[in-house]
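Presented below is the structure to which this report refers.
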Amino acid sequence: MKKIEAIIRKTKFDDVKEMLLASDIDWFEYHDCHGIGQSRQERIYRGVCYSTDMIERMHVTVICREQFVESTIKVFLTAGHTGEVGDGRIFVSDVLDCYSIRTGEHGDIVLRDKK
Amino acid sequence: MLFLDTTAAAPVVEEACEHVNGLDTLWVLLGAMLVFWMQPGFALVEAGMTRSKNTANILMKNFCDFMAGSVLYWLVGFSIMYGAGNAFAGWDGFCFIGSDSNVPAEATFIFQTVFCATAATIVSGAMAERTKFSMYLVYSVLISLVIYPIEGHWSWGGGWLSELGFHDFAGSTVVHLCGGALALAGAIVLGPRVGKYDSAGKSRAIPGHSLTLCALGVFTLWVGWFGFNPCSTVAATGYDNAVSMSHVFVTTNMAAAVGGIVALIYTWLVDGKPSLSMVCNGVLAGLVGITAGCDCVSIGASAIIGTIASLAMCLSVNFLDKKCHIDDPVGAVSVHGVAGLLGTIMTGIFCDSSIDGVTDCTIGVQVLGALTVAAFAFVSGLIIFSVIKHTHGLRVEKRIEEEGLDIYEHGEAAYN
Amino acid sequence: MLFLDTTAAAPVVEEACEHVNGLDTLWVLLGAMLVFWMQPGFALVEAGMTRSKNTANILMKNFCDFMAGSVLYWLVGFSIMYGAGNAFAGWDGFCFIGSDSNVPAEATFIFQTVFCATAATIVSGAMAERTKFSMYLVYSVLISLVIYPIEGHWSWGGGWLSELGFHDFAGSTVVHLCGGALALAGAIVLGPRVGKYDSAGKSRAIPGHSLTLCALGVFTLWVGWFGFNPCSTVAATGYDNAVSMSHVFVTTNMAAAVGGIVALIYTWLVDGKPSLSMVCNGVLAGLVGITAGCDCVSIGASAIIGTIASLAMCLSVNFLDKKCHIDDPVGAVSVHGVAGLLGTIMTGIFCDSSIDGVTDCTIGVQVLGALTVAAFAFVSGLIIFSVIKHTHGLRVEKRIEEEGLDIYEHGEAAYN
Amino acid sequence: MLFLDTTAAAPVVEEACEHVNGLDTLWVLLGAMLVFWMQPGFALVEAGMTRSKNTANILMKNFCDFMAGSVLYWLVGFSIMYGAGNAFAGWDGFCFIGSDSNVPAEATFIFQTVFCATAATIVSGAMAERTKFSMYLVYSVLISLVIYPIEGHWSWGGGWLSELGFHDFAGSTVVHLCGGALALAGAIVLGPRVGKYDSAGKSRAIPGHSLTLCALGVFTLWVGWFGFNPCSTVAATGYDNAVSMSHVFVTTNMAAAVGGIVALIYTWLVDGKPSLSMVCNGVLAGLVGITAGCDCVSIGASAIIGTIASLAMCLSVNFLDKKCHIDDPVGAVSVHGVAGLLGTIMTGIFCDSSIDGVTDCTIGVQVLGALTVAAFAFVSGLIIFSVIKHTHGLRVEKRIEEEGLDIYEHGEAAYN
Amino acid sequence: MKKIEAIIRKTKFDDVKEMLLASDIDWFEYHDCHGIGQSRQERIYRGVCYSTDMIERMHVTVICREQFVESTIKVFLTAGHTGEVGDGRIFVSDVLDCYSIRTGEHGDIVLRDKK
Amino acid sequence: MKKIEAIIRKTKFDDVKEMLLASDIDWFEYHDCHGIGQSRQERIYRGVCYSTDMIERMHVTVICREQFVESTIKVFLTAGHTGEVGDGRIFVSDVLDCYSIRTGEHGDIVLRDKK
């Protein structure tokens, strides 16, 4: 079991979501986050300019079986891509175990294959 | 300098003193306040029905409509609309503000100014979330400067429609249909927002960011309409005016209430759930519908007008969105265009001469008037927006649209 | 068809012409606008004091109260309230709108309509966040149709209370106490919100989602009250009316200001911190309290009434919540019920015949009137809500309550 | 008891009956409603331009300004301002409410009360986000009790400025400049918010939490100003008043619209992007600027006044922030102080006796009056705030400021 | 040291919180998140129906010593349980080290036992 | 590659951000979160007092190369420190791999050194 976390452009979220659901993943979690990165936006408030390095991003977390890691990463690399600075990152890490609160089951079995 | 030349105060014509009436003036000024108060109403409805990333932009557009309208209608517009002229347009020089009637010239002038600004502001909702701010300003200038004054002259400034006996008491056609037709032209030329229709052409919902703002806006418009319609008697003295303004008040409120109820029932039956956003639109459709005939239809008829206006609006919202794929984020075309058109026509049907002495109002003329104004506004709109589109470009870049107009067009986010 | 039969315009009775007065009419219509404007005030206060997952629902309820009230009060309610009849209820046929007095019939009619809608809308706050929308509509229909018109007839329509000399100038009892008593019945029958009281019976705070909305709502109500009270003179001509409306304006404002200050001090002393949400309620309690006697008490007395009304409200909020375990999310029972009751009674104490010529106002009758109306409204409420509860069910499922009424009842979220 | 002694109703002086006029009274009371309505306007602008962690605090301050003002101005303030007295201050006993003129005493009294509260409420914005609530109350009490009544007496209560022919029609100086100068004193004594200036002294933007609230507030103020200025004719009967109130309405609106446009252009040129928050301020600056001379300048001149007031405001916002390092979160000093000062002076320049018969208005006196009032208010402010600072402390702890005043000062968060 | 992340129903958060505090855990972190899952809600906006697969959830993160992992998971499985689709998941992963910013200490010691 | 997660005071975020950017880190992600901890705030709503144990916090996540772990932790310990209860925690865990969505590269190379 692996955890794949991607920090993507908020505006690319719909594309990523659709492509994820079309692939082997049908469950994932996401939340709004901000990224400090290279791409900057200029803002002005009451005459004071401030270039913010803060970008609105979406943090998407997928937990999946080993065999789907590669395909899931590919989804992010494709659907989240614009080619401009600020596209974001993907991080992969280990998960030891997984439980379903509804059924109480744990282990790989919780991560069902797409029905 | 141009500004200083104008002797702004009404010339103290001795005779005028006799018929200018303080009560009437107070009533008209109260009307001007209330119609002005419709500006935040529009701003809130439009802001509420769009996404938070475009809120500063849409608020800004509402400010600009009113500010530009105030200045331009004074410089030129009022002169075109109410100046002596031919059946098509008037003219009486720059900075013309008319002359005293039962109220001082300036009272009439400011009352007309706020009506003009209302017409201008209708369009911003339909073009929300994707229009270049600078290009929107160009449109905003043109409507206050030319389009509204010209078609207004036809019905209210002594033009050809008024001579035919066209009856549009407070502006179902002059204000709302005109705005709605322009909104339609704008929405068509602009095209739908990114993501509004999927590849199969199915419509996707893009919910507004705050129904609270939207609801507050509708209440604001509703109370503003109590100036828009009743104060359009522009007189409050004597038995006839007292009865007339009371009657207009009652029919206006009845059509609004019924309009809201109809939308409630419609969405409950059709979609399975009563929808607040459609009730908001239903109230507005009822108000727009009754505006033309609020003085000359019975209370019962006003309920019918509210029903039909609201029902037509509901159907039209669906039709424009799902069939025509015209993306109108706030439903301006349906609320102001469709309801305004039907309201004007129904005035010809329900008009009751025993109520306000309006005798020469016929369906034929009502249909003619409404369609001509709609056509004029729609074609003007098409021309203006197409010219802009093919020269400077009417629409922001895809990336700006996706990330929000607030940051890129104004450098400010509405919420922090 | 029913609608078309009504000759909506006031019959042009020749004699009427003479005493209908444009200035009075303007004043009454201005009042109607302002009282209408209290609707968004209530909507904002209630929305602000509840959670964001129920915002669309509460806004919808406020719209429906007004829309249903407008239509039903026209069809039936006004006839019951002001029609010729006995001491208990009037009747003058459907769609009765009265006849001209110093203002046209329709002006009086619309002014009364907005008062009716105000009474109806008070209840929604107390029943917020857990009532089935469809069942709320049933209640809303019944209050505008029967409950308010009947008890209104007693005091204002020539019924038995008015014959006893009961003095309720603008409706502390007729409008607010009636609404407050119904709210109490509703809150009791419904029971508290999920999670309001822990297993040990300790009250838990469920903070509203936006004090900004709440504060804006209170300002809106406050300005609306300048129509509710002063315009209830329903005449503006002549020295006496000018003095009376000015006096009402001053006492109304004074009671509101003092009410707010008292709540400020109370929360500062008792809870250690000055609480905005209680100041909001304090202002409203002051306004409700002064409504009965605003015309006939001195400015000083209005300050005392504001003090007592606000203090009683503060104590009542605590008592109902912590002792009685009655869950009233916005404090409607305390603000409208308790303050309305005390305000009516205090009118009997502070009433000063040198101010408005009100001579026959005695504490006994005031107490009698207030308690009868409260009992009538409370019992009617208990019956209606209990019947609903045991037939169709008054309350949404636990799951819907937890996840929010907006999605399940209306399919829309207020914020996106 | 003090309260009960006052015979609140105007003494029924027989002669008075003849000249008290219902129409005038209605106009003045309408004005009072509208000026009251500016309170939520200020509250919204200030809340919108500050951070959400301080929203309950700023709303509370606005409530308190009005509530304290209502009570104190009645107890003492009105007497100081309009009581018989010398050129410097009046006095006619406690709870003095004046006597009837063309309107009942209480109408004048309530109209003056809401003006007083407006002056008081200006300051809260400049001192937002860092002032101790209890200490703010001390200031709020003092302005309503002493500062405003005294300087108001000079210009409007028959004091020395009015004898010199100082012309301030509706209060550019009396209300706005006074508030602005106090705001400046407060902002200076308080010092900037934590994090406003970095170690190098560069100004950092601290964006407000909701431009929607801010925009709604500006619309609210704008419509309120249609009571502030036009209703300051305090008479609506007869030709002259009808013309005057219409004219004031037009000039007020023109200056506001032009003020907004100028700020739009200014920010577009200077910062590269049209800024909504500055347009909001621009509209207000135009309104403040025209307030002194709205009755006696031509429409063209009102446009010029709006232009200059708004431009000066834009420059002043930058200057105060970037050069002086005075932290005024909402721009109160620039909007009310600078625009008020310039508006008063420009009244001396553009004043046109053919418009309102104001003949004795000279630049010299205008400059003198404006500067004296500004100096008086500024010095009073410096003294009050410095004394507070060095005794009890004016500013909250750093930790409270960082985490938000709402929780620590009021125990409530505005948003949940 | 283990990190236990649970994605639970927002409406069950209060129960979970109380039960966590009543158990050996007295510190944890949480934030709003959305889950894409099997349970769908129907929404309508201006006549356009859209069934959203987006559910409002709460993401709760607990870092705890090895010995408390099991009991903490049990808390989530009990207090977060409704039995209906959409109850959520629990994921367990490894944490290498832990610091207290206030004291600067690190290691297991930071994860005090319940006072 | 390590993941450093810090749960800090919201009011200390600006300091931390500046110090992070001044150090070897120039990219990180953050989002609002709440912490249940020892520091409590008293609130009153309509006369009902409730002492909330909920504190507004910022969750900052940095992924960095092994050699920067120590310096990054030091940043949090310094800039996030007030010494009062409620300063927060830092957790370190393992990351297996990292991708740049823009370039498609993966591995350590994505975590560029500060330009």
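Each chain carries a letter (A, B, C, D, E and F) given by its place in the written order, and its residues are counted from 1.
Operating definition for what follows: a contact is a pair of C-beta atoms (placed from the backbone, for glycine too) under 8 Å apart; a residue touches a chain by one contact, two chains touch by 3 or more.
As the structure is a computational prediction, the values presented were derived from the model and not from experiment.
Common neighbours of subunit C and subunit F, listed by label, are D, E. Of the two chain pairs considered here, D-F and A-D, the higher C-beta contact count falls to A-D.
Centre-to-centre separation of subunit A and subunit E, using mean CA positions: 19 Å. Taking each chain's centre as the average of its CA atoms, subunit D and subunit E sit 51 Å apart.
Under the contact definition stated at the top, the residues of subunit C that touch 2 or more other chains are 23, 26, 30, 207-208, 271-273, 275, 277, 411-413.
For subunit E, residues touching at least two other chains, in rising order: 31, 43-45, 49, 93-94. Here, these are the chain pairs in contact: A-B, A-D, A-E, A-F, B-C, B-D, B-E, C-D, C-E, C-F, D-F, E-F. Listed in rising order, the residues of subunit D touching subunit F in the complex are 195, 399, 402-403, 407, 411-413.
Residues of subunit F touching subunit A in their complex: 3, 17, 20-21, 26-31, 63, 93-102, 104, 110. Subunit C makes touch with subunit F in their complex at residues 203-208, 267, 270-273, 275, 277-278, 281, 314, 317-318, 321-322, 331. Contact residues on subunit C toward subunit B in their complex (touch as defined above): 1-10, 12, 16-18, 20-26, 29-30, 32-33, 36-37, 39-40, 43-44, 47, 55-56, 59-60, 62-64, 66-71, 74, 95, 97, 100, 103-107, 109-110, 113, 133, 213, 409-416. Looking at the complex, you find that subunit F touches subunit E at residues 2, 6-8, 31-38, 57, 59, 73, 76-77, 80-94.
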